[in-house]
Amino acid sequence: MEILLEGEGELVGWHDPDENRKWILENKPRDLRDKQMSVEDAVSQFVHDGDFIAFGGFGHIRVPMALLYEIIRQKRRNLIMAGKTAVHDIDVLIGAGCVSKVEVAYAFGHELRGLSPAGRRAVESGECEVVAEISNAGYQWRFLAGMMGVPFVVSRNMLGTDTLKKSACKVVKDPWSGKPVCLIPAAYPDVAMFHVPRCDVYGNAQIDGILVEDFELARAARRVLVTTEEIVDNDVIRAKPQNTVIPFFLVDAVCEVPYGAHPTEMPYLYFFDEEHIGEWLRLSRTREGVEEYLDRYVHGVEDFEEYLALVGGVAKLNTLKRVEQYRERVQAPWLDED
Amino acid sequence: MAEQATEYNSRELLACVASKMLEDRRSVFVGTGLPMVASMLAQKTHAPGLLIVFEAGGIGPEMRVLPISVGDSRTFHRAVAASSMHDSMSVSQAGYLDYGFLGAAQIDVYGNINTTVIGDWQRPTVRFPGSGGANDVGSFCHRTILIMGQDKRRFVEQVDFITTPGYLDGPGARERAGLPAGSGPHRVITQLGVYGFDEETKKMKLVALHPGVSVEDVRENSSFHIEIPGEVDVTEPPTEEELRLLREEIDPTGMSIGK
Amino acid sequence: MEILLEGEGELVGWHDPDENRKWILENKPRDLRDKQMSVEDAVSQFVHDGDFIAFGGFGHIRVPMALLYEIIRQKRRNLIMAGKTAVHDIDVLIGAGCVSKVEVAYAFGHELRGLSPAGRRAVESGECEVVAEISNAGYQWRFLAGMMGVPFVVSRNMLGTDTLKKSACKVVKDPWSGKPVCLIPAAYPDVAMFHVPRCDVYGNAQIDGILVEDFELARAARRVLVTTEEIVDNDVIRAKPQNTVIPFFLVDAVCEVPYGAHPTEMPYLYFFDEEHIGEWLRLSRTREGVEEYLDRYVHGVEDFEEYLALVGGVAKLNTLKRVEQYRERVQAPWLDED
Amino acid sequence: MAEQATEYNSRELLACVASKMLEDRRSVFVGTGLPMVASMLAQKTHAPGLLIVFEAGGIGPEMRVLPISVGDSRTFHRAVAASSMHDSMSVSQAGYLDYGFLGAAQIDVYGNINTTVIGDWQRPTVRFPGSGGANDVGSFCHRTILIMGQDKRRFVEQVDFITTPGYLDGPGARERAGLPAGSGPHRVITQLGVYGFDEETKKMKLVALHPGVSVEDVRENSSFHIEIPGEVDVTEPPTEEELRLLREEIDPTGMSIGK
């Protein structure tokens, strides 16, 4: 199995499997213990400057925004971000100057809403560096390899492209078929953060709807921080063990944060807050605008509840619930800018 | 034949043209925007048996409204399965997905597309989102369909960055690279017309022009030579019924087809 | 990545990924169509002499016995069996002379109940050949590679053992860590069979409780046959899409067979029929006993319902339900043979 | 100290001895039979914080009765997660599982075990079930504990087939083969006593004898030399409370500990 090609991209978040096993043996408790803490404590204890971080969910869905705002508040710097369909999350973090490197599957865009002024400005000016490219499946499978504790997984994508040349992947000849295959290296984020609908005090977390990459990501990450719409009794979890996506022994912190995904969508519970996302997209066109946004919504508030009041409080949250449940039509500024 | 509409915008036309390319009883890997509209339109017209799969895990939904994101809850509304990206990407790599849609900032004569950067990768003039699921769709799906705007800056001699593989540098190149055999770009749809790829050369060729578009328009809006066959079809304009479905049922807010 | 070692085991059920993609393109319909048929038709249409077959479930749990008995009734021969914790299933099939080759992760034993007289007799006499060894995780990951449509997956088990020497795996040096890793080849069974609690007419199947290897196996197999406790309306499936383990486009046949896993366990619904398993273990000590068993329970009955009447009918089935639900203590002959 | 029982059978003793090896706040990969009994006993006595994981997908159950199979519904009764083999095996390969239990038909001085065949592999004298999850447990868990009967045919110079790796041919051999660093056999429990492995030589050595067993018994029941240290402990016999738990709460039918 000779190596046919080696990507030039930086290999971020890879560990020798034995080194990672040793880390897990020494750092991850196996017993049921109460892991409830404040968002402040979760970030100060587990997120450090220079960490390789990843957020659960997808783009604008199920993003743990309360943790993200706290990272900005605590002025973390030089974070390496997993651009695994990172959209609103990475855009705000880059705007706040927390991120210096990104491995990109998808970033700097807001899907239908257009491109990300803040993220693109940082990358095009060199303030934030793209250190490697990969595809969505490629990133997903980096986490699969991490979850499995193996150095890499095999795939048939990226072959023949610049995406592979700028990735950390390698190409070898499959010893069975004799055909070239792509080897995707494992990824072990230092910290992965999730927002879920329900979780117990020990960290047994359940997710409703599609899992996106969360099953594998939670198992690959060294530290797992969970914010939850509500903390439920352990009996609630044990009554439906099949719905548990993240078992407690993977989890380091549990924070109860109702509406913790705002302005992103929480399936079945509340829709995107397009007005708020729109405000960010508008303000982030200029550096001053980014400052204005952060002063108002991050630095200017005491806690997440004050933030929720500021973005429209109960009335807004009820509206988002009705929209999510098809009882009201979505209002979005970008829909009127045609 | 169905009554043809006189008033429609370019995106409505693209959606209808793309929709007609989706055969019934096939599967499609759907991305944000026009691909969703085209796929939903196909299901409501000639392809009720079309299986829609989203990369984030939504499989076979009965969509009530047009999703904004390929991962939002609309993508698994009354789905047969609400699964994961690992599942969606695996079944597509294994060969279960027939069609895949892509967009592009640049494309070359072999259908290689760029959605990563304009200029130098290290210090780009313009940074685009990157592959996302595009490279996966372009690698795994049996037939990929591109929808993009066409002009000399987009139809280029050489793309600044091959994000997603077309036919690379010609016949057999995909297979030599290790990509799934027999896959690759099937059609390219622009505001001017529809393009395919020559069986032998794997180079782009004109298949059909939209109503009112000339072969000269096609030539003037491409930096590479596009083969023009002796016979060129003209695409069917949207019917009143298709427009009604698009405007009233599928995208009433106009988030994809505009207003 | 030089090859350090190549297992001598026979490579069963592997296909070039492109060959398998072509097969899937040409043979698997993508649309919702009614796939209901009789167990007889399912077996006659999709199970052929010499096929490489695998059963869902685990050992004595969720085994599609109605399909298995029909395979015996239709006298399939020279089947290659996936010994993926194959217990009661493989023992009866081998006893009936249907199986000529086995790749073994676990076979020829009944866990606590002891070893399998029939299976061992066949292997020790050479009537049935073990063509390769592997471990449970190894087999599981053969299916994972098949599901992903890649030629192999990487693992860190089996290294240094005869299990690997007699497997179809290879050992190479990981290009990142420089350490030896095991490459496990993909497995694409010709037919995989499952028994589930609920499935619609199209083949959307849901499973309650642990999935064991079924998620990956169903995606790796070329043909998938599903028997179900009950056929439910498609709306029932769509109401809880997260519970769907096997989506319709993977499925070729749907057969409604209440109690179709008897005498194995159906989680939440009915327990092992230890009396029946015990009768098999006792009779299968001799070739004559095997014939007696098959004549009585397979060839001697018209259909599965007659079989259920023969094994104890409604009274027995109610008892198994009460035992499964902890309302009655298990009765097992092997518990008294101490 | 707790009152010691005078009447107990060999399996009850083995279960109690094995149970004491499981530290609290650790995780264990559990197989059928005595390992289940030992793990449940540990949870009910000194190790309430012991995490039990089953290969078929049961994670952290609160078992109401002793399972018959590692895959039956008892293994995920009130579990924190009812998952899959891919999940259980992956987290163990990744290093989340501390202890693993194994049985064996043959074992050698380095703790290599055979559960596959006696005699030639192609045409065996006796065919056993094979690896099952044993090779996985022996490869992935940080510390493996073997429970088996001991005599000269079982404690052999060379096993007929290395199903599951012990220390292979000595110090460093596991790591050279690519197996996870620092893993391997921790203890071997037989009807005669408890064995460990020498730090330097990785060869089996006596750690403790069961009450009433002599060093000669150990020697007479092994085909290879077992190092006997100057000081040898005597295992603690089961207490009345342990026996009550075993007989009344954990295994009232006696399916594992007998009657």
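The chains carry the letters A, B, C and D, assigned in the order they are written, with residues numbered from 1 in each.
Definition applied: a contact is a pair of C-beta atoms (placed from the backbone, for glycine too) under 8 Å apart; a residue touches a chain by one contact, two chains touch by 3 or more.
Not measured: the values here are computed from a predicted model.
Comparing the chain pairs B-C and C-D, the larger number of C-beta pairs in contact belongs to C-D. Note on chain placement: the centre of chain A and the centre of chain D lie 40 Å apart, centres being C-alpha means.
The geometric centre of chain A is 28 Å away from that of chain B, both derived from CA atoms.
In chain B, the residues that touch at least two other chains are 76, 82-83, 93, 180. For chain A, residues that reach two or more other chains under the stated contact definition are 17-18, 148-150, 155-156, 179, 181, 209-210, 242.
Chain contacts here follow an irregular pattern that is not a line, a ring, a star or a complete set.
Chain pairs that touch one another, listed by label: A-B, A-C, A-D, B-C, C-D. Chain contact summary for the complex, chain C toward chain B: residues 17-18, 20-22, 24-25, 28-32, 146-150, 202, 204, 219, 234, 237-239, 241-242, 244, 247-249. Of all the residues in chain C, the ones that touch chain A in their complex are 1-3, 11, 14, 16-18, 145, 148-156, 170, 172, 174-177, 179, 181, 183, 185, 208-210, 242-243. Taken in their complex, chain C has these residues touching chain D: 57-61, 83, 85, 104-109, 111-112, 115, 119-120, 123-124, 126, 130, 133-138, 140-141, 144, 155-163, 166, 171, 179-182, 209-216, 265, 267-268, 272, 324, 326, 329-330, 332, 335, 338. Interface residues of chain D facing chain C in the complex, by the touch rule stated above, are 32-33, 55-58, 64-65, 68-73, 75-76, 82-86, 89, 93, 112, 116, 121, 123-136, 139-140, 161-165, 168, 173-174, 176-180, 253-256, 258-259. Those residues of chain B lying in contact with chain C across their complex are 24-27, 49-51, 59-60, 62, 76, 78-83, 87, 90-91, 93-96, 98, 142, 180-182.
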